[in-house]
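Please go over the structures that come below.
Both complexes shown next keep subunit A, but they swap its partner, so subunit B is in the first and subunit C is in the second.
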Partner chain A sequence: MGWTLERGDLVDLCRGAAFLGTGGGGDPYIGRLMVEQALDEGHTVKIIGLDELPDDALVIPTAMMGAPTVIIEKLPGGEEAIRSLHRLEAHLGRKAFATMPIEAGGINSTMPLVVGARLGLPVVDADGMGRAFPELQMETFAVYGVPGTPMVITNEWGDATLVECHDNMMMEWLARGITIRMGGSAYIAEYAMDGKTARRVSVPGTLSLVLEIGRCIRAARQAHRDPFAALIELLPRTPYNFGRVIFEGKIVDLRRETTQGWAMGRARIGAFSGGAVMDIEFKNENLVARVAGKVRAIVPDLICVLDHETAEPITTETLRYGQRVKVMAVAVPPIMRTPEALAVFGPGGFGIDEPFTPIETIA
Partner chain B sequence: MRVGVDVGGTNTDAVLMDGLSVVAWHKTPTTADVSSGIIAALRAVLGGSGIGPAAIQGVMIGTTHFTNAVVERKRLRQVAAVRLALPAARSLPPMIDWPADLAHTLGLHRYMLQGGHEFDGREIATLDEAGLRQVAADIRGKGLAAVAITSVFSPVNAGMEARARAILAEELPGCALSLSHDIGRVGFLERENATIMNACLTALAGTVVNSFRAALAELKITAPFYISQNDGTLMSADYVERYPVLTFASGPTNSMRGAAFLSRTKEAMVVDIGGTTSDVGMLLHGFPRESSVAVEIGGVRTNFRMPDVLSFGLGGGSLVRDDGARIGPDSVGYELTEKALVFGGDVLTATDIVVAAGRIDIGERRRVGRLKGALVNTALATMNRMVDEAVDRMKTSAERLPVILVGGGAILVTADLPAASAIVRPEYSGVANAIGAAIAQVGGEVDRVFSLERQSREEALGDAKREAIDKAITAGATRESVQIVDVEEVPLAYLPSSATRIRAKAVGDLAMR
Partner chain C sequence: MGWTLERGDLVDLCRGAAFLGTGGGGDPYIGRLMVEQALDEGHTVKIIGLDELPDDALVIPTAMMGAPTVIIEKLPGGEEAIRSLHRLEAHLGRKAFATMPIEAGGINSTMPLVVGARLGLPVVDADGMGRAFPELQMETFAVYGVPGTPMVITNEWGDATLVECHDNMMMEWLARGITIRMGGSAYIAEYAMDGKTARRVSVPGTLSLVLEIGRCIRAARQAHRDPFAALIELLPRTPYNFGRVIFEGKIVDLRRETTQGWAMGRARIGAFSGGAVMDIEFKNENLVARVAGKVRAIVPDLICVLDHETAEPITTETLRYGQRVKVMAVAVPPIMRTPEALAVFGPGGFGIDEPFTPIETIA
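Right, the complex of A and B next:
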């Protein structure tokens, strides 16, 4: 049964999206304003489950790609993602039945909502990352055999490129270059697939989940309950199944540099009591957390840095010296932990020379 | 000699300083016309010290007037919001997320035109000059006197805003033009919001600055005067007439800077305890640490350079309940001298507790003689704990720092604070605000995206620092005193072509003749 997104849900949804963003994905504030705008104009956002997709229905996911620091300055014209979807439809010679997020985290949880609202298309309650990742091939869609191309990239002028590639790595490579030429942010439609395939290759229920996470944090605060305890209680009722606080302290050192086009770096958190120190390495998103050289959580499991008191998620870009934080690690669903999935977005996919160890098994 | 003035909501304070020492100070109620309160305060400090107006080299004023106008939605101008961005940014028009009452007070006159730049300085679109002239005609037709101009990535390339100003100045002589790159940093909506708020204050800015001028003229003070801004640095009066929005957070900033000065400490926590609330902030290099999250003013999201201040409900007038276990957040406020027990009232306040404990002698101590010792001790412990917790929340390292107590309520802290390495209670702490204004420095800041394709990171950092220093000198700092106080770098995620956002801030002493 589909459901309709209420305006009042958006703040919670964006908070949850920042949580699953695991430090990356960009601040969803602008996406939220765009959805609010569409709702104020009388559009509605209909969310449907994967099980509501007919086997042969065409699903075209839509998203923003580029630098979050660019999007906070160069706001979207508003039609870009819609044009990408329309051009992909024209190329395929078929109309989309629904759109869908490629990423459950940051601004890309909201972009398909804007497209769905404006075009009257339902938005599928699922995605291809189960979190945020920095590259286009890091998708369960790709892992389970869906080609990302043909893909369309559009800018605010309506300039558009159709990308067709022999594999998804080449798609990422070409699309990244085009995005830079378009000013550092662009809007895409990719990974077109049928309903039957979508059911097989997607992480299910992630829109509902981000909403639930956002609500959970807010409700706990309002009731003066510990929002971390509330989250830990919530997770076992979701496909994410397990979460715990693995460290708390203050940011004592922050190193961020641009290497090969990403915000690579390390955040060091010192325990309040002194002594223990946690290092979190990130490539836009948080990848691995270590204490005294020992892995405490590792990608693709979620490593979320949250405000120590309010549990508000803190993105990599807004991390700053002195912030008081708690680090929470969360198990990702089984579909993201298979050998095929780990080959693409496990530690090896990021050049980290460590085995994947599920957070549940790290003492 | 210089004079510092703090025009607050309740009191106007003035302090006369000779170099780095306080010669005289005075506190008087703020008046509706602003200027007579200032005149009264200045007369008192000059008269009390026998200093003639000719000896005054500079007057530094801090004021909450402009913040209050926005919060109260009073005395604001209607504004034409001109955005240079199309075809980008069409999706979210100006004032998109504003409280409806404030947006309507300003008239919701919104114009979007082709223009703007990319992060690397390329044009998104050529400026639509013909369109801008049509907009000017519309603005003239509506009789609007204030325009806010915001162009995409103007912190990277300000050329288009400057060109738009030239055209509008020609078409709309006498109109107040606010440009976003003068006001805010990267972050389009927040910068545009600040620019629009600035524009709506331009009429009030003229009035207030003129009332300052009138007060000084009345006292025959011919020295230049300056107004303090959010980060504790000074702006010239002319600059404030154009950029009143930059005064928004000067109150807490001045009290923290004043505390730093009075205690001769650059790294410390400052607790300013008033009648109703207390503010805690942190000093880094003698300046308040700035907030990194979006700050809302009057319900509008901004990204001002604002001190990161935690306010909590403890002050001299705070109500004491539960045998001293609970204090505040409500307060008798300005009615302290009628309602507190020591003044013959019937409300048990934080002030009564410290009088009962023999820490201060105000009002009539016999009126609190019957308070139980256990209650008094519990209440003292509660107040200490409240301050300690707030200090601990705002600290940014496990290392203990000195805590400087200022404000009339500083006496409420009676014991050591576990979070503090020492407690400092400087002399003149009641006028820390005005002193903060008097000793303010001038600053220059750079915040923009640097491409690293044709230069190294070190070269980019060097450029940023030099630019910040030049800006500080242009703003009036002496060259030899200028130093870089903050550098922050944020690489642009997802861009293989190496670009980085650098924020650098330089400050220096104001050149005095």
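Right, the complex of A and C next:
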């Protein structure tokens, strides 16, 4: 039942997580170091499929929340998310059967691996975003009816807040305020649910998928093949069944500030040939890419900024002036494009005026 | 055992609460309406002394927190603080024997009366500030060793956060952030303690005292006597054993903004005779009064701005240009002037450079 994550898989898994993270989710390097440390301590990471969860098994997802710009300076100790999970268990009066990512992206793909390894809990191969999003209500869990609270937010001092809200928007609002007061990053356990519910509301297989994506990029490099071509070949065999390079060039302007608890900003990419310019707006994650004011890709579809040669994903907090990049847009699975889903994490959820248009249509 | 608060006492009690509130604690009029409503519903308010608490009785203080400028616009429904108390009871796994004010001032003298009336719990005739202060760690409870958390913060939607912190400064920091996100006012239950501890760490008799102060002002008015003279006569018979009018004049300038969760500002009072000017800085409560840059009264001693004719206390959110006022400074009891107490709520606790000097020395 399930499979065990090998240490040798970690670099690939973190690369793939940064890809699905679409700019956000936190620096995958830090996430990798944390899992490596747990493995060095003799723990193992066991991954199980949604179908392996008993109907009544308690699943408690765990994650980091905050601005990625903060996370690279205020590093996790490793015990914070575990404390959140334990505190939520105490509140619920039940032990967790498994933990799970809330998002597929960066450090939040690996945080539950650390929690699972240290506690001997399996980690469910699924998540609630199918990518990374900046807000807690932007979850398929929420879209399909699971309350996010009771949730627990913990900091590095062991200070904890248990939040209970009448809706998931209020949860995000209060939790964001608490995270800001905790210094801009914190550690959460939320969306506790049973196995039967998890099967209904999760994006399945995203841990396997990020590993596959990471491997695909590495294998192409090793074979001296074009990693972008390899990705475009791979994606149609996954639920993310369409990918396309929509721009390439050099970062010629960058605005980024850590405000309201997020890394907010805009990256401008100038085509090598001159003339054309792509603007990408981000809020932790890349949200919309425009050329000459015209949308070229838009949430919830993925907008991945990748190194121009190696296809290594570049997170929004590590964007730099002068980087040579390709921008790849990727279609998200149908569960993330329903009207209910788009109402929560479509363009309107971010105050973006343009409607959602699938990348297959735009490209 | 104990005594029952009469409806006819409420106006006096609220007036006295506004006096000890030293500008803060929230509009006493709103507090009075809430108690009247509870009495109209057939409830009674029972007050007991600290000496009537069994050693092991659980006392859960209740209060409103936030900016008084917000409180007069976002009125309490009456159930919020009760929900906080119930949530804290559930967390502790014990029922409260009594509730108690955390401060003697404005609405926070009456909030526990509403909670007590509605739940049939006695209210302890004591508090943790002996006046009003703007921050949660500024409690004799905290000074003498009681942890403020676990605490519960509730809003009008029933959203609740249970906060557990490693120290009381962090409690204030997180709770203030949550209160801001709840719209600038919220309802708390905190500093749960047993009866034996309550006797050791509380400022005793402050509910009786505010009633006595309120009555004193009213009686003087009715007898066509000077209410200021009456107060100055009364105070030496209380633990607040010195009071003096330190300035009189007209409010000639006022800066007030609701920021960081408080009503912050400065009132300038010009003497009727011209020339002299007193500046009073406030953060919810009046903190320091200076004339020509020289301290005339300073926290934790009381700085009470009172109507020039009636001695009706004027809270900081109701200060207006042109008001004719007298400023009375009052000595606080010894429990609030120990080195430990001054370290928490002396001038340094507010970033005020001048040291604490007792009003008896200054005046």
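By definition in this document, the second predicted complex is superposed on the first by the 356 of 363 C-alpha atoms of A that agree within 3 Å, B and C clash if a C-alpha of one lies under 4 Å from a C-alpha of the other, contacts with A are read in each partner's own complex, and residues count from 1 in each chain.
Just so it is clear, a residue touches a chain if its C-beta (ideal position, glycine included) is under 8 Å from a C-beta of that chain, and two chains touch if they have at least 3 such contacts.
Remember, it's a predicted structure, so these values are computed and weren't measured experimentally.
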Which of subunit B and subunit C A:Glu360 touches, first, second, both or neither: neither
Superposition-derived comparison: subunit B or subunit C, residues of subunit A touched: B
Partner chain(s) touched by A:Trp157 [first = subunit B, second = subunit C, both, neither]: both
Touched partner set for A:Gly77, first subunit B, second subunit C, both or neither: first
Subunit B versus subunit C as contact partner of A:Pro68, first or second or both or neither: first
Touched partner set for A:Asp55, first subunit B, second subunit C, both or neither: neither
Partner chain(s) touched by A:Glu340 [first = subunit B, second = subunit C, both, neither]: neither
Touching partner for A:Leu174 - first (subunit B), second (subunit C), both, neither: second
Partner chain in contact with A:His166 - subunit B first, subunit C second, else both or neither: second
Overlap of the subunit B and subunit C footprints on subunit A, listed as residue numbers: 157-158, 176-177, 180
Touching residues (chain side subunit A, partner subunit B) in the complex: 24, 26, 30, 33-34, 37, 65-70, 72-78, 134, 156-158, 176-177, 179-180, 183-184, 250, 252, 256-258, 260-265, 270, 272-274, 284, 309, 316-318, 320-324
Contact footprint of subunit A on subunit B as seen in their complex: 85-92, 96-97, 116, 118-120, 122, 124, 152-153, 186-189, 289, 292-293, 393, 395-398, 449, 452, 457, 489-501
Subunit C - residues contacting subunit A, complex: 157-166, 170, 173-174, 176-178, 180-182
